[in-house]
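Note that chain A is present in both complexes that follow, paired respectively with chain B and with chain C.
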Partner chain A sequence: MMPVRTRLGLACALLLGAALLTACSRSEPPTKGGPVTVRRLTEAQYRNVIADVFGPQIVVAGRFDPIVRTEGLLAVGASRASITPSGVERFAALARSIAQQVVAPGNRELLIPCRPAAPGAADDACATKFFQQAGRLLYRRAVTADDLAGPVRIARTAALARQDFHAGLAYGLQGMLTSPEFLFIAESAEPDPADKNLLRLDAYSRASRLSFMLWNTTPDAMLLDAAARGELADADGVAAQVDRLMASPRFTQGVRAFFTDMLSLDDFSTLEKDSLIYPAFGLAAAEDSREQVLRTLIDELIAREGDYRDIFTTRRTFMTVPLGMVYRVPATRPGGWAPFEFEEGDPRAGIQTQLSFVALHSHPGKSSPTLRGKAIRELLLCQKVPDPPGNVNFDRFNDPKSPNKTARLRLAAHATDPACAGCHKLMDPIGLALENFDGAGQIRLTENGERIDASGELNGFKFADARGLGQAMREDPAATSCVVRRAYTYAAGRPIEKGERDWMADLEQSFADDGYRLRPLLRRIALSKALQSIAKPKPELSAGGPT
Partner chain B sequence: MSFLIKKPVTRRAVLRGAMGGTTLGVALPFLDCFLSDSGQALASGAPLPVRFGTWFWSMGHTPNHAIHPDASKLAFLEECMALTPYTQHINYFGQFNSPLDGRPNHVHHTGWVSCRTGTAPIAPGDIPAPTLDVLVSDAIGGSTRFKSIDMTCTGNPRDSFTARNTNSRNAGEVSPVALYTRLFGAGGDANSAAAKADPDLMLQQSVLSGIGAERQRFVRRLGEADRARLDEYFTSIRQLENQLAVQQRGTPAGAACVRPAAPKEGPVGLEIPVAQANHDAMSQLLVMALACNQTRVFNMAFNNALSSLRRPGTAYTHHTLTHEEAVDQKLGYQPEAFWFNCRVMEALAGFIDKFTKVKEGPGTLLDNTLIFAHAETSYAKLHAVDNIPVMMIGRAGGRLKTGHHIVGHGDPISRIGLTAMQVMGLPVEKWGTGSQQTSKTITEILV
Partner chain C sequence: MLTLRRRSLGAGLALLLASAAAAAPSTGGPQTLAYVIANFNNAVYETQFMDECPEGPAIGNDEMWWRGLSRADKDKLTDNGLVQPVDRRFISVLRGPKGEDVCWNPTVVKEPPLRTVQGSVSYGFNLDGSNDDRATPKSCPHRNFVSERGAPGVDNQMYRLLGCHYGWRRNGVLDTFGNEERRNSGRGVILMEITNVTDPRNSPEVRVAFYRAADPFSIDATGRILPYASYRVDSNAGKPRYGAVARGRIVNGVLITEPIDAKLPFYANSAFAEIQLRDMRLEMDLTVSPEGKVQGLVGGYYDFDKWWEYMLKIEFLIATGDWSCPALYTAARELADGYPDPKTGECTAISSAFKIDALPAFAIHTTPVEARR
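Take a look at the complex of A and B:
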């Protein structure tokens, strides 16, 4: 099914011809807005913010409470996450450690904009200056006198107790770093002057959405300045900032964060492979395989400005020595990354054949066509596979006396159970196409001495092997629709609303019109009215009043 | 609400058979004045506290090979043989069901959620009510440095079965070294004079008080749902403040309290020797944390809900074996899956054993603890959620009789959780929702 054109787009096409279609489709369909969100900082965001505000020399050593993946994204889960008692304990410990590093000799000279009148005493003026500066970046808005009162008071009390200005400052900063204003990105809305039925994000909230979407970090001083000057209420002002953000090297960081979330790459933190069965797949290979797919995506989609669909067929990637041992290819640059291209005809083509996919979606000691098929459906095509029924009978699947030597034959026998057949039809024909990769992602041609049949079918597109699967995915409109929806959901931090269907269809069409290039897609989302539109809460204006 | 918290029922009312003549069994609230005068006391003279904890395992039991079917006496069979030396400390509950009320059985999820919340989840991942350990820690966890200590032996902090709701799951400690650092590292010696005199604790409290003061200003910007969510955060802040206050004033430790040696850094993960080693190390730290009165509530997860335990060098995990391994016709079970189940029960036995090695008053730590151990299914091969095995281990400060095999005859599994909470002194009269809602305490095991 091709992406749905909007009614407006169709009308334009009919009336004005194809030449004007692109221009017409760019008029954004109206939406009814969504709710404001209150997002807990993710681990990556926390680390980025600390590095960006205080410098990469500040060590963030500690574990973070996991966020529950919701609607396919941690970005949505973050909008529903709270912080448990043990989570607060961890955040407080992190805050303490960071604050002590910030005020330590060597850093204080760089990070604290003033010297205290006496180093062994409190100095409210200097403390205020520091908290004003740091607080603006940490709270992502102008700080108020109320915001400053607490940290300055604590810094004063602690400086007197410790007879040390900088020690006191650390306690005040610790408070800011444990504050909900820092740990939660709490948006506020204001009346939309262009539509009395809607609210819109206020300037600072919009700055945060843009910055976390495109950089995965806090707004920098220029973006906050633009917000303070009211420039983000103006389309040209927003465009100037979005273009600046997308021209920055930090944009790559933002795109990596998006794909890390979309592809569920956080699962690498707990990936295990049996070292006896797969001796080549050690910790280094696991870490590098995660990095490999991100490098591939950035190269294809940002550096080369390529067609998104090509990520399913590309033979270009990057290689390290540990990866080369698993891929069984020569890696020419010891200790670093080198561009690499699989030969024509190699089964490796597309990110779904890289280790980050075939090893991640396998068992520790064997492959899993079912897990792989499910991952393709859910992560890359945004199609929900129903959960298995409670009364599954696996007897036919793994009877050791069975003549079925390959997973295909075993699954075929298993899927004769009507309770299982429905879902396995969704997963198996795709997952079996990747059976030429074992549980660690290494190429194999046989299983138990039997030649592996990797043929299959996706939405009527028949293929013979993994490369064919990549072609099928490339042609499947669900793949492009999926990345559009995920990108918008990720940016908004909430599921797509019913009132945004036309907007989604329009966005999908624009993506196609732009040659399925990611950069224009993200720019369009960032500039959209939809992203800043907020529905009026019912029955009371509880979702952030005018500020 | 899936439970009703009412005014505590008095001891007198219970003894007089009040409550309309129903068979409501109400445990006595844990008030110092109700404790016996049998000499059970901390070194300071304060009564010994009663602790509560959970121990989770997945994949249930091998039918007919775990527990003797004759319920007149508690006897373990091959799979649970390791538990035999501790039989007199255990109550085993069988044939309690998890009615779904038309909701699907979300495999490996519905069972444990029903057991811990008294409610069948609506969707995969859904946790519709606070788990019972959270309710217990809300009630008794405030007077110690840590409200609860949560651990998992899988290497993945997400493998935790304690939560206030779907989006607020308590992450488990995965590393013995990290657990040691938290419990006994800097600030861990809560009773030392140095700790009590440290102005840092007071200053840190001031930091947290300052955050608490922001509450009104912050939440008035939020919608109702977000307000509730942020309330959890502010409650967590208050809890941390309380921890610091406890550190400042010190907590009376038991006579057996000894700062343990620091464990060595080792691997984490689901290879069975690794999980066993981490379980062993964390259990040892836990019992000392309990003896030192650092916490009164704990949660230990031995494996994940889809048990990914595995033997080095083998392709199949515990979970995949339960489904894919053929039943040996001679043995009558899946031998490899059975092997894993045996190792899990050995781990539970080792856990219990550590509690028996800590002397408290005339008995042991186990006598002053209630360990609520359970699985997420009864027979993993079929994902069955009826007859999920549950055990209560320990005498909860003399409030429980042990050594019994209690048969539920299809009663809702929530009866067990309700009883456990009442034993821990929670004034809960009724618990669970739908067909799992119950007010029937299991009185047979109450002292």
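Take a look at the complex of A and C:
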């Protein structure tokens, strides 16, 4: 059999245009594969799946257990998430609500592919047809007779008890929606015919990886059909599906989900600002600032197919009235979004100067150079900053009678403590560059009457202000390396393995060769052998071994 | 689609943070500032002990009505005195000889003269250019005030007329409710746009346009109007529905406009009322207060008929505002001091002044297509 890598190259050469050749022609360094993952659906994925399977009219009203961010991503945390007893109750309540809406008059005519022989009685044939159709999309694979037996039995029993076919169907669907088969994306592997030392994801698992990576939702019928036909074992088939997925408007939804995760934008759900100090930063401004950065990124990286590094220096963004009141700029389309460009020389340049960053990584009533510096290190440069010691003393920093009027001076006094100084050196010189933005992200020149010094340094690159910080980040190879690593980790749903270092280096180089454009990067990851390679499990320990 | 740029840190921030005006984007030339008027109050000069009203507060409609009733009628009409003035206002205005509404027919009864302001100090402008009380080509004989800073010739007969009514004094129900209602409804929002600003502290020749905003106020969770919001100019087929333009100048941070005849959109106390001012002028200090506002004074000759039309629209507030239509109307006719009718010699407008609070904002001019969205 022709090696996968060779077949991929040939397929690309034959099928794709010149623009995509670069993405395909590079040979992929071998990896040793990673583990299969079992990922819990995130809230966004759950909502997307329900909307895709049953329609956007189905209201998903409920709360979800949080997922712990791991390796910088919720996507990785999802593979380590369980469901608590209270979480089970919540999923059950959601399932009940969704199922009742699906079978309700008005929806049932659209969503149930058959009519029962008698509406007041059970109808196994019709129920089976419905569960087959919905189950395939919910379970992301072909449904088996075993999968159907339970829901059909429940539907029959409940229909007889309630003398209502649709009420019975709702109970059966509720069971499907609370099944681990739905709530967890459980991958499975099969022998890799191209490499006897590796396994590879089976077709349906690969379909799920691609769909959740590129659309953040369940595979659609066409992708599942391709999996069923075995086309995802074939490079051409994979390429065809990846290109279809990336050509869809839903690709934007996938990219938004990736950056929502990478930039930790879920933190907006708990963002609070003191309305007395920052009256302009209300709920609408908070919601819009989250949306603003996503619109900026989609515009720069997808619509314009721009250089990823430019997100740290771009003056282009989008504006609403609530945002305009914080930025103190006009919003040309009250009631909606309008393109906006800050003037050359304005301190607002780059996503790190947008509210989604400077307001999010601040305290409720004041800015925080430390939080901002930490966020830049961890979210945008993928550099871990150690947690502060448990007995850290903020008295000197928070002293209202301190003669040190600016955060720079207060931090300098605070950092004289050797236990604090090491980490603050990593964070403060970066975060202080953003001190011209207060805790709500509004521009200011002074703090307590003292002019703010926004100079700083990032990895040897010195700068005078926030714009300079953006330039420094643009030139820092850690920034581009970070998005590459995050994108792959996000797609795989697991941390990068030791055996993937060459692959990462190659991916970073290809990202540079492609002009740091996101679309080729994501395509390369989606098509990669690494993404579907699974390491063979280590032999289990024999009885009597270490426990 | 319109894309705007904001000014650079050097010029933009100096403008935003020093004068703290809302500067519309510019590419380095003259700038545009805009403000939205939050409060629009009759300029009433008040002393601590109401010395300007030596006869005391003006007598309201209810008292006038009450005085004319027999004891038996009082019992009968007020359930032995238990019905409060605010609830009996509907019958208390029907006290014409034939039961006419005395607001719509203010001359059918004769009432004691209105208690008017007798003080000598007032806010306002010298509208007729004269420092004495004699008539001029544009004014009838009237008593001038001096300004609170001692300038002579201040014309503000509206103050003389209304200044002894609790309803129009500080925290009185009429202007206070009017401002609150305008804030909550978003109706009648006045938007000012100052163009050709070469320096926010001193600009020799600017133009000031007075528009109606097509968008409601942006307010925070506590109901405060927020600065730096964007408001569309209310337009029809690309032409602003309101758009009086005055020439002016900025001197040491104070905007001063030249007189124009203008119509201002207005909504207060559940009433749409166009304020029609002749020789309207504005003086506004562009320095933003810690609360985020700028303050100014608008003055001009208020068209009498337009003003009385508004008074009729808010007749339902006569008990809480505590005025009496016949006395007020008669006094207003006597005090009207602007623009004498060439035939009758009777003045058709009354000198007025209004204190305004405004917030920095952005005026958005939309195309007809955008306006329809």
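The rule is simple: the second predicted complex is superposed on the first by the 502 of 547 C-alpha atoms of A that agree within 3 Å, B and C clash if a C-alpha of one lies under 4 Å from a C-alpha of the other, contacts with A are read in each partner's own complex, and residues count from 1 in each chain.
Please note the rule applied: a residue touches a chain if its C-beta (ideal position, glycine included) is under 8 Å from a C-beta of that chain, and two chains touch if they have at least 3 such contacts.
Since this is a predicted model, take the numbers as computed values, not measurements.
Applying the stated clash criterion after superposition on chain A shows that chain B and chain C can sit side by side. In the overlay built on the shared chain, the residue A:P347 is in contact with chain C alone; chain B does not reach it. Once the two complexes are laid over each other on the shared chain, residue contacts for A:E181 go to chain B alone; chain C is not touched.
Using the contact criterion defined above for the overlaid structures, shared-chain residue A:P56 touches neither chain B nor chain C, since it reaches no partner.
Partner contacting the larger number of chain A residues, of chain B and chain C: B. Look at A:P334: by the touch rule set out above, it reaches chain C but stays clear of chain B. Once the two complexes are laid over each other on the shared chain, residue contacts for A:G282 go to chain C alone; chain B is not touched. When both complexes are overlaid on chain A, the residue A:A92 reaches chain B alone and has no touch with chain C. In the superposed pair of complexes, A:G120 makes contact with neither chain B nor chain C. Distance between chain B and chain C in the overlay is 12 Å (nearest C-alpha pair, rounded to whole angstrom). Chain A residues 275 lie at the interface with chain B in one structure and with chain C in the other.
Within the complex formed with chain B, the chain A residues making contact are 35-36, 38, 63, 65-66, 68, 70, 77, 80-89, 92, 96, 146, 150-151, 153-154, 157-158, 161-162, 171-172, 174-175, 178-181, 183-184, 186, 188, 269-270, 272, 274-277, 363-366, 387-392, 394-395, 397-401, 439, 537, 542-545, 547.
Within the complex, the chain A residues that touch chain C are 275, 279-280, 282-283, 321-322, 324-336, 338-348, 443-445. Every residue of chain B that touches chain A in the complex is listed here, in rising order: 104-107, 110, 124-125, 147-148, 150, 154-158, 164, 166-171, 178, 182, 199, 202-204, 206-208, 210-211, 213-214, 217-218, 221-224, 226, 229-230, 232-237, 239-240, 243, 269-271, 308, 310, 312-317, 320, 323-326, 381-385.
For chain C in complex with chain A, the touching residues are 1-10, 12-13, 16-17, 22, 24-25, 27, 214-215, 218, 220-222, 224, 226-232, 360, 362, 364, 366, 370, 373.
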